[in-house]
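Questions regarding the structure given below will be posed in turn.
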Amino acid sequence: MIDKVLFYFFAGLAVVSAILVVTRRNAVHSAIFLITALLATAGIFLQLRAEFLFIVQIILYVGGIMVLFIFVIMLVNLDVALHQVQFNRQTWVAGILALALGAQVALAFRLVQKNPQGSEILRLPRGSAAQLAPNTELVGRTLFQNYMLPFEIASILLLVAMIGAVVMAKRKV
Amino acid sequence: MAEIPTANFPNVETTVLGADEIILNMGPQHPATHGVLRVKLKLDGEKVVGSECIIGYLHRGVEKIAEHRSYQQFAPYVDRMDYVAAVSNGLGYCEAVEKLMGVEAPPRARVIRTILTELQRIASHLLWLGTHALDIGALTPLFYCLREREEILKIFEKYCGARLTTHAFRIGGLQYEAYDELEKDVERFCKDFEQKVNEYEQLLTENRIWVGRTKGIGVISAQDAIDMGATGPIIRASGVKWDIRKAFPYAAYDQYQWEVPTGKNGDTFDRYLVRMEEMRQSRRICLQAIENIPTGPIMARIGKVLKPPPGEVYHSIEAPKGELGYYIVSDGTTQPYRVRIRPPSFINLEAFDKMVRGHLVADVVAIIGTLDIVLGEVDR
Amino acid sequence: MPSPYIPIFIFAVLAAAFPAVTLILFKLIRPDMRAVGAKLKPYECGVPPEGGARGRYSVRFYIVAILFVIFDVETIFLFPWAVQYSVLGLYGLVTMFVFLGILVIGYVWLYNKGALEWV
Amino acid sequence: MIPTSHYLFLSLALFIIGVIGVLTRRNVIIILMSIELILNAVNINLVAFSRHLGQVDGQIFAIFVITDAAAEAAVGLGIIIAFFRNRETVLADEMDILKW
Amino acid sequence: MDALVNFFRPHLLPLVYAVVIVALLPLLAGYIVLLERKIMADMQVRLGPMRVGPHGLLQPIADAVKLLIKEDIIPEGADVLIFWLAPLLSVTAAMLAMAALPFGPAFQIADLNIGLLFILGISSMGIFGIVLGGWASNSHYSLLGALRSAAQLVSYETAAGMAVVSGLLLAGTLSTRRIVELQAQQGVWYAFLAPVGFFVYLVASIAETNRAPFDLPEAESELVAGYMTEYSGFRWALYFLAEYTNMVVVGAIAATLFLGGWLRPFSGTRALDFLDYAPSLLMFLLGGYCFYRVPKQPVRVQGGVLAAVGLLCLALAGVLGAVLIPPLADTKAAVHGGFWFLLKVFLYIYVFMWLRFTFPRYRFDQLMRLGWHFLIPVAIVNVMGIGVALVLHWQWHWGLAPALVVTTVATLLVAAFLARVGERRQKPLVGET
Amino acid sequence: MANDPEEKQPPAPPPGEKPVAPAPPAAGAPPAAAPPKPAAPAPPKEAPPKPEPLDNELVKHYNSRFGEAICEAWLDRKQAILVVDAARLREIAEYSCDEEKFDLLTDLTVVDWPKREKRFDIILNLYSFPKNERLRLKVWAGENEPVPSVSGIWGTANWLEREAYDMFGIAFTGHPNLKRILLPDEWQGHPLRKDYDILTQDTAWVRENLGIESGQ
């Protein structure tokens, strides 16, 4: 029961905040709602027994990336930007496209659930929560043993990002 | 300060997006501007590319007041200019009027004047040190300094009944005879003081943060300092060995042995060192002076009503902040025709813009502190 | 939700509610004075502010934030590694050496370019 | 026990909101935020499957996605800063030159 | 209803703790402020607060009442919602971080699998309270202070995180309780095994809590009050509460990870068991001193208050002493654990205060340089150094002590090198004559 | 570093470092100065000095260089005063600074004599580090007569001239930023003129900007 309550709470929070993110005029407000959405997602992760990911979401996404966003918003004088038109003329197109996309995926779900043959796709064997148990330890072991190469490549990605971003932002390097 | 020539400051890299800079206004109600100084800073990021001092918030028209008071009546007013060094102000004024009248204070009066003025210099420097350290973030020296300053103020209080705006001297000499234990009090203070100064130095001089915050900050070369008319510790820290007490000795300074400390780089750290050393030298003068206070009268023979002959005189003394000059024009009446005060703080403050460019906002407070201005004197 | 998180969740609600409730409660209790005039002006040392306050600030802040994000990611990878270090042993050490080594190259580059200097 | 499909629908919703944001907003920063929303939706999906299968791999992918998001945000915002410095705007439809 | 009761039953104790923490934390913060003022006064040859209550003991309460009923001003042009929200965010984040702290073997809201990361992560969210509060105020000083503050926090967070990792390498778990238990088993505090890590954490945590000599964001001589400039009354108090709570949090992290948590000093040494009497004795002496001062109070009421405080101390002494009696020995660990833990946290905070009253303030670029040019590389090297030491210990069967000594010395050499390089690179801002 | 007497010092230090121990006063006269160059502290007790004409080396230099432009020269209380022509002030100032080494402009001020034809004395108080002597330059200027600014020669003059403008309304030509310094920009009148007093002061400004009644 409590699980359900929490799920709907977090999911609702995430969706409402997400909607507010794309509709607020003021970029700072958008950022705040994005933070809320990300925190709600972190809650969802927690519910899904991804403790480590929960805290990664908070430290990296909320405490890191969003700080970056807020800094940039404050750097690019947004008081001026506030008086400009915030939405472009693609709104309708976007709405229709999004609806079509949503309908398509929803339909696929329904079809899959109705159709006994196709249902195999979603009837993947269900594992138990206990298998995710000492979460950090598991993540650590899997990350460093099975995904060692992607991990090293990630460092190259970070290196490139670091250099690229600094080159972009700094006038004279 | 219409346009800021950034071209002269090659180190100033434009780090802000776009062309426009921020104007940051510090003061008049700001914790670090020592009163009601207002500084408008043109910032590029956190770097100062230009500044403008806006003063006059404390302007009382002291020079105008002088024209409507008799010579003696005006004497207490000068105490209110540099209110942390009232004794020095009074000394300058009394000596200027004496010079205008062609009289001279008796030797005993001059020695006592010297002692009190040097104590005042120590007191003023102590207050400077405390607030300067506080600006840079060291909380504790302020309280130590005030503790020592308190001892000096106690001596003043015993001598003339007032602590801050003392009006200690009269034209022609002294009103009050030195109280019985003056020598003992001064000696006791001076004995303790040596160790206290060393204590402050221990707290600050070797401190990496303090050195980092003051070395190379607010540099002003000897040439610039002379050009900007800076006097007192500022010019000495730039390497000019110049002190009015040596150049044109007044009071009883010619009787004592002491040194004029100078610095090399003219930065905030050197000014700090110079002032610290000045305190030691003042202590030295005091110790010499109390050893032999001449006996005799304390007041020259002057009438009750002062009527200096027509003419003019300029007299200056080495106040704690620099050259404090009085230019007095007499028209032969009992009231001065014109009194012009050359305030050291005012003119030293003029060098502020030169010192501050290219530094960070945080250095602005260090530079204001090192200038040791008193707004009562700047604005008069 | 894993069970230890339930008290934490409740604690979070409490911790958020406590200041908010106090704030509202005392708003009701204290005498209601509407501030007027100069009291409402933003502090600018006693003079009217010049230019909007939400102006632009040094891009250095942004560079610091970027570097922080990158190093933060790095730190996050260190945590599971540290926790599993007794299992990973030498292998883990070498893996992390390579990972940090690549980033240290970037760090040295930044250092030499002066990107880490504030002024 | 909440069925996995619920999480997938949540993910879908966030994804679509993100897409709408990307398509309709003019402010590049908000577009980037919408992209973060999309990435977030992906993460929910990954973690939901990780839970469903009882395998931790999905979470590892999610960590990489977040790493990627950090890199993307850093570079993306760097580009915005560089662009803003030259054109004084953050509106996407005014970014119509390839070189300045 | 039953369902609800059943649901809460297993969490009853943590919930009580939660309520206790939320209720006591503001009081604790208030008394830390009082203590700070007293210590400051002592270092500056004065008395400090003496008026409200005996020796100013009721000062925090008077302050709190004053702040609560103070006029509440929201400046013109402020973003009202965010202005409202920001201090709440700050204080909530700071408080929430306490959830995973082990105040004693028994007193902990939740022992999480990711405990330490949880504390670090949640407390890092306080940055939003600062940035948003500064932004919402619509004032130069606030925004500049906020940005500085944020830049400072993020700069030192990395160093702090790395320093924590160096401790974690030794422990191998993120659970705060396990970390302390492991230190008890190994019989040594990690501050001795990873001294460089501890030092880096000490410096970084001072910077992260915005304390002098790193109190740039609120350097009153430059930025007036930094991000708090426009805040007054209770909102301002909330920021203060957040700051002091953060001090407790970082102190608690340091105590847990590096200083043996709730363990008594030399907890493993039987010969030093007499130290168990110390807590009781300390409280007894404190209570005795209070009673000694009672007759000297100028006002009756003050004497009464002091007597009450003395009684409280004696009661605590009684409790701390009673658990030494064999029948109550089971509770000894819990009661004494709390005492030692709080004592360590307090000593850690005392170091903060001591530094604050001794040092001038860094300039912002110097602060950044210290963080980025020195602490972060040293922290990285330190992590690798401890990693190497552990591999030497496990794989090549070196003794742990020699291995750690070797790597620590190597780390220190690197640190010295970095300091040298940094000094050489330091350019004057304007042309020096 | 501080008190080492052997410290290097760009401009020569003043002489006069004789620790004599004179019981009587009058010991003050600086030694090194040129013969008639007193500029010293209080003279001994005697009749108040009358202004006496001055004709020493220095004045001769000035006379030979500027001739007519040096109107008068006298000694008052043993202090040298040189009255020069306003039109050539700049030139003379430059000469004083560069050739005669009066490198410090100690003070610049004004005295108002409303009954005189040229009502203002502009007074420049100069000091020379190498010679350790003072010199006072005086310029007579009428009510609306422009006076050349010397702020290009001595940086100090910038604020001092602004103050003189603020207090006396003297328009210095060539000053980079001549505006009021102590009083508000919109203030009416120049307070240190003799015909300005508390009854004629700008009460309107005070009422308008501060919302109080000023003065009497």
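Lettered A, B, C, D, E and F in written order, each chain numbered from 1.
Rule of thumb we're sticking to: a contact is a pair of C-beta atoms (placed from the backbone, for glycine too) under 8 Å apart; a residue touches a chain by one contact, two chains touch by 3 or more.
A quick note: this is a predicted structure, and the numbers were derived from the prediction, not measured.
Grouping of the remaining chains in the absence of subunit B, by touch: A, C, D, E | F.
Path length between subunit A and subunit E in the chain contact graph, taken as the least number of steps between touching chains: 1.
With centres defined by CA atoms alone, the chain at the far end from subunit A is F.
Ranked by how far their CA centres sit from the centre of subunit C, the chains are topped by F. Averaged C-alpha coordinates put the centre of subunit D at 72 Å from the centre of subunit F. With centres defined as mean CA coordinates, subunit D is found 20 Å away from subunit C. If you average the Cα atoms of subunit B and of subunit D, the two centres end up 62 Å apart. Each chain gets one centre point, the mean of its Cα atoms, and the points for subunit D and subunit E are 36 Å apart.
Residue positions 112, 117, 135, 140, 143-144, 147, 150, 154, 157, 174, 224, 364-365, 429 of subunit E are each in touch with at least two other chains.
Subunit C has residues 5-6, 44-45, 49, 54-57, 59-62, 65-70, 72-73, 76, 79, 83-84, 92, 100, 118-119 in contact with two or more other chains. Listed for subunit A are residues 2-3, 47, 49, 51-52, 56, 59-60, 63-65, 67-68, 71-72, 74-76, 78, 135-136, 139, 143, 154, 158, 161-162, 165-166, 169, 171, each touching two or more other chains. Considering their complex, residues 1-2, 26, 28-29, 32, 35, 51-52, 54-55, 58-59, 62-64, 66-67, 70-71, 74, 134-136 of subunit A touch subunit E. The touching residues of subunit D, counted against subunit C in their complex, run 63, 66-67, 70-71, 73-74, 77-78, 81.
By the touch criterion given at the top, residues 3, 7, 79, 82, 112-114, 117-118, 120-122, 124-125, 127-128, 131-132, 135, 143, 147, 150, 154, 157, 174 of subunit E touch subunit A in their complex. Contact residues on subunit C toward subunit A in their complex (touch as defined above): 1-2, 5-6, 9, 52, 54-57, 59, 61-63, 65-70, 72-74, 76-77, 79-81, 83-84, 87-88, 91-92, 95, 98-100, 102-103, 105-106, 109-110, 113, 115. The touching residues of subunit C, when paired with subunit D in their complex, are 59, 62, 66, 69-70, 72-73, 76.
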